[in-house]
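Labels A, B, C, D, E and F are assigned to the chains in the order they are written; within every chain, residues are numbered from 1.
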Amino acid sequence: MPVLSIQMLSGRTPEKKTEYIKALAETTVRVLGVPEHAVTIVVTEVEPTHWGTGLRTMAEVQAEKSGS
Amino acid sequence: MPVLSIQMLSGRTPEKKTEYIKALAETTVRVLGVPEHAVTIVVTEVEPTHWGTGLRTMAEVQAEKSGS
Amino acid sequence: MPVLSIQMLSGRTPEKKTEYIKALAETTVRVLGVPEHAVTIVVTEVEPTHWGTGLRTMAEVQAEKSGS
Amino acid sequence: MPVLSIQMLSGRTPEKKTEYIKALAETTVRVLGVPEHAVTIVVTEVEPTHWGTGLRTMAEVQAEKSGS
Amino acid sequence: MPVLSIQMLSGRTPEKKTEYIKALAETTVRVLGVPEHAVTIVVTEVEPTHWGTGLRTMAEVQAEKSGS
Amino acid sequence: MPVLSIQMLSGRTPEKKTEYIKALAETTVRVLGVPEHAVTIVVTEVEPTHWGTGLRTMAEVQAEKSGS
C-alpha cells in the first residue's frame, strides 16, 4: 500500500522520469514484498526558483555555478 | 482545522474540480463537526506521466487502453 | 487514482475517524466517478502542540478557551 | 535536517518568493540551531481554483471581493 | 536534491525499514545521477485504522482476511 | 492562506517547537503580508530511524558520531 511522493528539480527528460518511477516501484516490490498494484508513486517537479537549499534557492546556486 | 491535500490525475473540468472541493468540505463539516472556515483543501493535479501505479505510469496504462 | 492526505487534530474516537474515511471515499467515488478501489486515504493526527494557527499553537488556543 | 513544504496561492513576484524562502531558512537556522546546508524548502504555488477554504474556492472568494 | 516522502502501513521490522530507505536512496543515486548526500528520505508509518482503501480502512480489510 | 508542513528530527523540547512555530508564522506574516489567522503550520517529528540522508539513516549517522 505504500505511497511515494517524490519532489525533485524539474528538467529531466520524460524517459528518465519514467525510468525512475519504474525503478522506485521495483525497489518497493522487491524490498517490502508488496504486490505491484499496491504501489502508488507521484512525482512533482519543482522549479529551481521554488527550491531552497540553505539560504539560497537552487536557481541562485545554478547561476553561480554557470557564471564562474 | 483539517487540511486536506488531494492529488489526482489532471484532465477534469474546472466545474468538476470546484464541485469536488465543495463536496469534500461539506463532508468534513458534517462528519467532523468543525466550522466551515476551519477547512482547508488543496488540490494538486498530476500528469499521467508523473503518476506511477504498479510498475507503470498512468500514461502507459492509458496508452494501452486506447490502443487495444 | 486520487490520494487524499488528511491532517487533523488528534483526539477523535476511532469510530469517528473510520466514519470520516468512509465518507471521504464515498464523496470521491460519487463526485469524480472513479472506482472504489482507486481511492487511497491517509489520515495523520497532529497534536495541538504541533499545530500552529496564526501566531499560536492550537495547544495555546485550547488552554485559553478552557481557562476563561 | 528540516524539510519545509510550503503551499501558497500563486501570484507573488519571483523576488517575493525568493525573499520568503531565504527568510524561512534564516528563521530555521536561528531558532533550531541547524547548519544552513541542512535546510530544504520547497514552495508549491496553488491556483485559486484549486484551493478550498470553507465551502468555497479561493477563486470564488476573490471574485466576490472584486465584484462587490 | 530529491526528497522522497514515503507513507506505508506500520508493522515492519526496523531492519526492513532501514533496508528500504537504503534501497530507495541507491535507486535514486543510480537512476537520477545525483550525489548521495543530495537524497533525503522520510518514512511515515500509518496505522491500519488511519489508512483508507476504497470504502474501507485497512484495519477492516485485515480483520476480514484473518476472520475468514 | 499559506500552509507550512514541517518535517524535522524528533527530540527537541516542547518550548523549542512552540518557539519555532511562532517564528515561522511571524516570518510568513511579515514577508508575505498575509493576516495572522491565514497561516497554518503543521510540524511532524520524524524518528532518526525513519529519516534517510544519503545511503544511511540518521540513526546510523548519529551512532557513528557518538561512537567515535
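By our rule, contacts are C-beta pairs under 8 Å (C-beta built on N, C-alpha and C of every residue); 3 or more make two chains touch, one makes a residue touch a chain.
Just so it is clear, the model here is predicted, and its values are computed rather than measured.
**Student:** Ignoring chain E, what connected groups of chains are left?
**Tutor:** No chain E: one piece.
**Student:** Tell me which of A-E and A-C has more C-beta pairs in contact.
**Tutor:** Output for the comparison: A-E.
**Student:** Could you please state the distance in Å, as a whole number, between where the Cα atoms of chain B are centred and where those of chain E are centred?
**Tutor:** Whole-Å distance between the two chain centres: 21.
**Student:** What is the distance in Å between the mean C-alpha positions of chain B and chain F?
**Tutor:** The separation of the two C-alpha centroids amounts to 27 Å.
**Student:** Scan chain E for residues touching two or more other chains and write them down.
**Tutor:** Answer for chain E, listing residues that touch two or more other chains: 1, 3-5, 7, 24, 40, 42, 44, 51, 53.
**Student:** Hey, how would you classify the chain contact layout here, line, ring, star, complete or other?
**Tutor:** If you draw each chain as a dot and join those that touch, the picture is no line, ring, star or complete graph.
**Student:** If two chains touch, include that pair; go through all of them.
**Tutor:** Touch list across chains, by label: A-B, A-C, A-D, A-E, B-C, B-D, B-F, C-E, C-F, D-E, D-F, E-F.
**Student:** Provide the residue numbers of chain C that touch chain E in the complex, in ascending order.
**Tutor:** 4-5, 14, 17-18, 21-22, 24-26, 29, 36-37, 39-45
**Student:** What part of chain A is in contact with chain C in the complex they form?
**Tutor:** 1, 3, 40, 42
**Student:** Spell out the part of chain A that touches chain D in their complex, as residue ranges.
**Tutor:** Within the complex, chain A contacts chain D at residues 7, 44, 46, 49-57, 59-60.
**Student:** Along chain B, where are the residues that touch chain C in the complex?
**Tutor:** Those in contact with chain C are residues 1-9, 12, 16, 19-20, 23-24, 27-28, 30-32, 51, 53, 58.
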